[in-house]
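Structures for review follow.
Look at the two complexes coming up: chain A is in both, with chain B in one and chain C in the other.
On to the complex of A and B.
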């Protein structure tokens, strides 16, 4: 019992996930169903992949607002270049574009010392511009059906995209918890100056995390385009806001130095389950926005109440 | 007017300044002049009174919101909810225009917008929650409220010819388009409030050092609260302009405005850490963004090239600003 209370205090979002699961299972006959669960996970994987990288960046005390635009860039390149490069080549270029955007953000943040919020706000606007210049406002379609078949394929009756998301979640968790890089993530986020004095190369370290989130955003974009068999230049709009919402719901502090992949997974699932369940109950999607916004603020209030004695927290 | 001139003067002392410091301090004005010169050389249509009014007109909506957001940012907080709030207020004023009379619609719109602003202010000022997350939550909540209100349908004004509501967005006063006039008058007023009143100085104080300000007896909570009321107020003014210009509204008309507004504020050199900034420079920042947009369009580039240029301009502007304070071009991390 004590163990459950301890977990509940550490990961309050998982209580919410469980409550949602119970509530929707009781109120909708279609909810508690293997197919529906794999559906939820599939929907969660898009934001979820980005959120994994965002967790690293946010524990670092940074933020990345350019992920939505990166999603569109990678998807457009991966679909648009297929007639020229073939599917593998185009996908590689798409993923590479995400790494490049991440590297650019990281280098600018490192070398200029400009706050990551501003660096990536600029990139968010600029990368969207690049997407529009490249696509000339056109949507692209994948004419080779092998591409969209991949998006709907399953392995052991689990969607491949969910498997990819699951594998990467476990990897990210292990890296964050048990590797040197993972420990440095917390050190840099907790106190940047102290981390530098302790011998961590703070600039290059942050660069790696920006590249990570750029790559994951690109991967998410490519996988999203395999689901649709197409890409649009407006793909991924507001994804940065959803991702940050998920990560913050998962207990990662904006001030840095605190957070976990398990929490982030909880935040991602909370959003996905809420959307899916309310959809099944035929609640108009507008209400989901209100509820999500309120939950975000309520989580903040609860967090403030519980962590006030530590003298620091999201509200600090 | 005198106050306005004086607020410029203090910054114009260029003696004993390294080039880096000079560009850090006046980079934004230099960029503004460079923008104007380049575009007027490149396009003969650029430097006409007509076109310049168009630029100010285009800048007026984002600019008006940016005025209030500047206060919020100087106070050390962020407001990401202004985009959704703009959608909400525009939808509300347009929808109520036909249901009650126009005057009543405007009053109700201001009331409800200020009400939402005060929710922001209460959560951030009195409950002392993190402003980025609160306004992020409000962003999605307000969007939801707007959609629930309209049921997802667009709204418009049935009889667009015979209403004085056109005044705010489509007409001219003394030869100046009214949106530009609202923007300029509000800008001058708020600049004076910021630099010449106790209220303005207190906002700088809480943004610069929250704890010190609190210990000096400033009512920190109430001041933060009032900055959010102010940003809701300027957003309501922008909604008035937008609703009157378009005479109709989509549910997501303000989507993404929050970050464009912030881009203008940041370009003006207002620090996101709080404690420094100025309304005049915010206006210049917003005008630069509008100039880039207008100039590139006149030169025949598609509208989205401005986004790429905006990226470069924002990064370089903030970099120079920070480098000047640091005294070195590159960071030591």
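On to the complex of A and C.
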């Protein structure tokens, strides 16, 4: 029991995930089903991949609003360039575009000192513009079926995209928890001055994280386009908001210094399960939005209640 | 100056004056420290009452009690014969007691008038700000203060001195009975100081009681009618300014036995570890030259704002010098950032442990290894066992009281937090260790432990610099003491030849 309370305090979102699982299992006959679970994970993996990178950026005390636009850019390039470069070449260009957007965000934020919120807000608007110019407002279709076959392929009857997401989640968790870079993510986000004085090169460090989230957003876009066998210029709209919602649900603080990949995974799953479950219960989609918005606020209120008694020192 | 004092005497003899404000037996404790112990104080109508004491003597605690920021544990505050309880600064303001902060608490993007009447704006129809009225009333107050700027100017465009005037103007709105000034001249030029003193004298003429806190002897003797001295949280004595002199007051302020438990043998000096020549940054400090040898502790003594911290930050690569040279072990250092400094064997225990020293949300262990995490890794992966071992080693060595390595540093006491910061730098095996105010705000026990540690470190072959504003501290730990005033080194003392009086003179800009 104590253990459950401890987990509830540390990762309240996982309690919520369990509650959702139980609730939907009891209320819908279609929910508790291997195929449905694999479906939930597949849906979760798109936002999930971006959320992994966003966790690093947000623990750093930054934010990246340009990820949704990057999803569209990478997907459009990866599909649109296939006739010219072939699938591997086009996918590489797509992924590179994400790295480039991330690097640009990071370098501008580092060198000018402008807040990441503003820099990436600009990138979000600008990159979306580039997508529309490149695609001329057209959707692209992948003519080679190998591309969309990959998106629906499975290994040991698990979707390959879910495996990729799972593998990267584990890697991100290990890096954040056990590597120098991961430790520095917390130090820079927790106290930038102290981190700098301890010899951490804060600017380059943050740049790496922006590149990471840019790359993961691009990867997410490319994988999404393999699922659909196509790309549209409006792909990834509002993804930045869903990603941030998932990360924050997972206990990462907007002010930086706290957070975990486990929590983020919980946040991602919570959103995916809710959407899937309410869909099965035939809740109209607009009501789903109201419920998701309310839950975001409620979970954060609970989190604040649990942690409010910490961090109050007595100043002498 | 003396003529001025005589004039004050003739205008108002103390016996005519009513006591406005009294403290009786006021005590205040913080965890581990008794900041004030049974302090009595009388402040009279129409006088400038200076409050004097070393850092840590309890001046700022007393001031915060006067202004309603802290509540006394014991004792009472009597305002015009009535005991009062001021639970918040707002209540104190309603009683007519106002504090002019050392750090300005103004809104830079609002106009002067808006700042003066912040939270107290003249209104019409209850909801709207009456701008005409606002600016007129502000202009009235500004003219009383002989201010040349307009109520409609943006506050941020004013000089610091004028901003301070705005802060005073804001106090005048409330027709204060008692105005407390905390180091008001710290950021003022000489001319601005004269203007401020004029204003203070005018307030006094109007019958307000002024409590004036400063380290600067010359100012206190120029301005005050009486001087009360605090030492180690205990009220010492009140002097009539006209009937005393700097030596007598200084004596009363220091009046302690030197820490004798630290034996001072002449150190066995090794090579020169750090040599700084003609280092300057415009506006902060100029022409700083000194050296520190292996096995030696050099104390940097001076007032807050004398430029000591900035010099240390420059050595550590946090600031770029305009000119001058820093040599580490005889070679030009070429330090451009803290990680270069760490590679050169430097460590800096910073002035404020919470803002600069610790990542408060991280554990004790994680903070300890932060500055050289690379030493605990293989291919970028952290070896947590090695980390724990090093933290446990320093926890034992520095006697850090904490439940375990995973404990968050934000829940430690100040003294233990400081020990974690020191442990962090010691674990990098530095050759040169700089400690900036290493014992600020920590309890007496930890303080003495840190002093012993500093001596032991020097003995074990480190070159150590201690920056401090506390005289007992520099006298206890240093082999040599460098006095700084206003961005310049005024004198370098050998420990054997230093006197407290000469030290005070060196850091207050009096002739040495």
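In this text, the second predicted complex is superposed on the first by the 310 of 316 C-alpha atoms of A that agree within 3 Å, B and C clash if a C-alpha of one lies under 4 Å from a C-alpha of the other, contacts with A are read in each partner's own complex, and residues count from 1 in each chain.
Going forward, contacts are C-beta pairs under 8 Å (C-beta built on N, C-alpha and C of every residue); 3 or more make two chains touch, one makes a residue touch a chain.
The structure displayed is predicted, hence computed values, not measured ones.
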First (chain B), second (chain C), both or neither touched by A:196: both
First (chain B), second (chain C), both or neither touched by A:257: second
Contacts of A:183 with chain B and chain C, given as first, second, both or neither: second
Partner chain(s) touched by A:117 [first = chain B, second = chain C, both, neither]: first
Partner chain in contact with A:32 - chain B first, chain C second, else both or neither: neither
Touch count on chain A, higher of chain B and chain C: B
Touched partner set for A:143, first chain B, second chain C, both or neither: neither
Residues on chain A lying within both footprints (that of chain B and that of chain C): 196, 314, 316
Of all residues in chain C, those that touch chain A in their complex: 30-33, 35, 316, 318, 337-339, 341-342, 348, 350, 354-362, 366, 370-374, 377, 380-382, 384, 408, 410-411, 414, 424, 441
Chain A residues within the chain B interface of the complex: 65, 108, 110-115, 117-119, 121-130, 132-133, 136-137, 192, 196, 202-203, 206, 237-238, 241, 244-245, 248, 254, 284, 286-297, 300-301, 304, 314-316
Contact set on chain B toward chain A in their complex: 80, 123, 127-130, 132-134, 136-145, 147-148, 152, 255-256, 259-260, 262-263, 266, 272-273, 302, 304-308, 310-312, 314-315, 318-319, 322-323, 326, 330-333
Chain C-facing residues of chain A, complex: 178-181, 183-184, 186-187, 190-191, 193-201, 257-258, 310-311, 313-314, 316
